[in-house]
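Can you keep this structure in mind? I'll have questions shortly.
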Amino acid sequence: MPSHHARLSKSSLKQLREEVLEANLELVRRGLVLYTFGNASGIDRDKALVVIKPSGVPYDKMKPGHLVVTDLDGRIIQGKLRPSSDLHTHLVLYKAFADVGGVVHTHSEYATAWAQALREIPCFGTTHADYFHGPVPVTESLPEHEIAGDYERNTGDAIVRRLRDRSAASIPGVLVANHGPFTWGPNARTAAHNAVVLEAIARMAFLTTTINAEANAIGKPLHDRHYLRKHGSAAYYGQTKEPK
Amino acid sequence: MPSHHARLSKSSLKQLREEVLEANLELVRRGLVLYTFGNASGIDRDKALVVIKPSGVPYDKMKPGHLVVTDLDGRIIQGKLRPSSDLHTHLVLYKAFADVGGVVHTHSEYATAWAQALREIPCFGTTHADYFHGPVPVTESLPEHEIAGDYERNTGDAIVRRLRDRSAASIPGVLVANHGPFTWGPNARTAAHNAVVLEAIARMAFLTTTINAEANAIGKPLHDRHYLRKHGSAAYYGQTKEPK
Amino acid sequence: MPSHHARLSKSSLKQLREEVLEANLELVRRGLVLYTFGNASGIDRDKALVVIKPSGVPYDKMKPGHLVVTDLDGRIIQGKLRPSSDLHTHLVLYKAFADVGGVVHTHSEYATAWAQALREIPCFGTTHADYFHGPVPVTESLPEHEIAGDYERNTGDAIVRRLRDRSAASIPGVLVANHGPFTWGPNARTAAHNAVVLEAIARMAFLTTTINAEANAIGKPLHDRHYLRKHGSAAYYGQTKEPK
Amino acid sequence: MPSHHARLSKSSLKQLREEVLEANLELVRRGLVLYTFGNASGIDRDKALVVIKPSGVPYDKMKPGHLVVTDLDGRIIQGKLRPSSDLHTHLVLYKAFADVGGVVHTHSEYATAWAQALREIPCFGTTHADYFHGPVPVTESLPEHEIAGDYERNTGDAIVRRLRDRSAASIPGVLVANHGPFTWGPNARTAAHNAVVLEAIARMAFLTTTINAEANAIGKPLHDRHYLRKHGSAAYYGQTKEPK
């Protein structure tokens, strides 16, 4: 029943558009983006289609229909607007990490400051350990020919290279050198949530290192305890079902 | 008249639920918590029952009925949701300090930064002296076996150990090393109020030490004067009765 | 016509109550006060009566009738509530400076941080020069017997001593050591305005000294030029009459 | 048809008044100005008339009719209020840069702090590179006779001198030493937008240099890539037409 299937497809893409729009708006509500900065996307793995924010459109005028649908090579499948100029960075991440369902990029101020300072964010406490199973890494700076070449794609590759020995689930974000954070998650909503939390972690790390320039990262036992009480197979944070 | 007594009990627990919910919401209004971070609880000393925030439930959907009632050993007496994962830290404090009626834990950013920097907050001025009769202490880091063991209970014990020579009334909060602040008071409302003030104190101390790395704590006479004008038997701050 | 005079008096005190309430609320709107911190007052020079905020009353419940009227010795003339515990500091300032019509005290965070750091705020730029004709001074710390004695009055005396060679008009505020700022002006509204501007000046000075620890105060020509274009006899900032 | 032409003229000036008012209000909405600080203006190049904010009028009472219209020598053509005291600085910029259609001056806190610290803002990352094709420069301090003389005009000349080897389009703003930022653009709206972005850049640069005092400016390839993807002839950021 292809017509039935087509309706279903339309319906699931419509839902994805709404989820991605909502993730973009969450960035605004939390103060992570200024004017048209930042972008969130989500992927429909079955159809191998990505829904992403259009480039340079004000958030307060953005409607689901403005979002752009592309395939994994960046060809526009639906939409009359240009996709975010960072589209190809998102696509590299979707191709590299099969468990990633949403990607977010912002220039949120504290995370961007660490990226500009070329310093990874040490895990100074349990807020960080609840989300990242290690420091928040910084990519290597791109060599000149990669900047001059396929810049956005090369940025994605630099993120993937930087994560190589870690899973995208345990390190849900990276700082792109001299640029800003990319975060991800199983869907666009969680990717945006992780962007918000990363900014809070970056802010507290800034304060910590200013109060005590010799502050040390926490030890592995405390880091593991917190990460695993939220994310391990024996997690005991949160609810197993939604409260009524 | 046991049925009358039961009604009264229900009624006072209902009121405690509302007070504890309100204390949790105060943390949101004052910007101390992000998403589902943080938790507030209150105790009914007569019934030896504690009302605490459920784990991982968004604040904007939280209703009095979502709060969890436990006994002092953490057994759930009422409620279908999991209690905050920090429940056992709260319980240790209620058992150790008979005059504590409410407990609050947050990851508020400036207080958490001092906790991450492993620096107690010196009393740099009268705002601090109005609330804390001494510096805001930091607990010792837990040894590995205490992290691996009954972690939340051991965190409570570390707070109690740190306060040993001081009363919980004169030092209404402590920074847990690499984690964040716990505050308390005669009820949940005051515990939340103290969490808000501690964050302001931590913020001003951050600024003070950044402006002048050699800044000193105030002397005992000024510290005593301010603490006692608000809290001593001859206090002359505030009203003896509510304004009409 | 004494009865007519009595009516006029009542009327002008009523207006003063409203002005002082409004000045207190301005501190809330601008984020200078937390909970019941801070206090504003105004004086009726003809009647030699001061209207001041009551102690410890929440701002959102404060009505003109809650304000307390005292004479210049602090005797309560009208009102059922205790006046602000800082009343006697205000009174000293009214007695010392005949051109002061309103006084404000806050624990606003950046100004308080400079007070806690025991550093006067250098005039780093024209925003400062537009309001203060010199650095923002810090009082000397009170000796122990002055703290133990008539503390609030002695605080006022320390402010007056610190200003001795300057006029209250050209230096509309002072930092009380380890405590916080007092500001003043021809009326309560301007005193509150000056408190808000002082906090902005303190914030920018904090940033300036953090960016460049060697930053210097501006020279006298620029300082004079800006102060005098707003305040001198040849001032050319603002309007000579209200816009319609 | 002179009467027709007069109507057109009136109409275009009316529109310019509204644009300039809107640019002034954008500064308020984005937290760049306090009380009556700051000012925005726009120019009608055909008529050689400038519309500028009046001096010292509260933003929340400002109406299009309060704005002042002057010629390029500062003679008031329309309006009953005094123009901003910084009028002559704006006029110098309009005369020096033919492609500038709007000018904004603020005392926004982070940009002002860099101006007070007498440090140009290095290009630490791509947010900066997206807007400024080089560091944000600081003017030289005015010598005493220029301060005593035609101060506002001399301030404009100092900005122009500082930009000499750069175009006003590629460096859309400058920090006036010990004073604050001036920004500009093809119209008042963009000048205000650039003021907002400059403040964000200044804030992130403050954080960057605090996290890492040795942080370096980005290299020319990355700087060019970002600046040119937004501004070059082959720009691919944003839309070529407005989304419906």
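The first chain written gets the first letter, and so on, giving A, B, C and D; residue counts start at 1 in each chain.
Everything below uses one rule, namely that a contact is a pair of C-beta atoms (placed from the backbone, for glycine too) under 8 Å apart; a residue touches a chain by one contact, two chains touch by 3 or more.
Just so we're clear, the structure is a prediction, and the values are computed from it rather than from any experiment.
Asks: Which chains sit in contact with both members of the pair chain B and chain C?
Replies: Expected: no chain.
Asks: What is the size of the turn, to the nearest 5°, that moves the C-alpha atoms of chain B onto the matching ones in chain D?
Replies: Here the rotation carrying chain B onto chain D measures out at 180 degrees.
Asks: For copies chain C and chain D, work out whether under half or over half of the interface numbers are shared, and give different or same accordingly.
Replies: Counting which numbers both chains contribute, under half are shared, so the two copies meet through different residues.
Asks: With chain centres taken as the means of their Cα atoms, state the distance from chain A to chain C in Å.
Replies: Averaging C-alpha atoms per chain gives centres 48 Å apart.
Asks: Using mean CA coordinates as chain centres, what's the gap between chain A and chain B in Å?
Replies: Computed from C-alpha means, the inter-chain centre distance equals 34 Å.
Asks: Chain B: which residues touch two or more other chains?
Replies: 210
Asks: What residues of chain D sit close enough to touch chain A in their complex?
Replies: The contact residues of chain D facing chain A are 124-127, 193, 196-197, 200, 203-205, 207-208, 210-212, 215, 218-219, 221-222, 225, 229, 236-240, 243.
Asks: For the complex, which residues does chain D have touching chain C?
Replies: 34-37, 54-57, 61, 66, 80-82, 85, 107, 109-110, 112-119, 141-142, 144, 147-148, 151, 178-180, 206, 209-210
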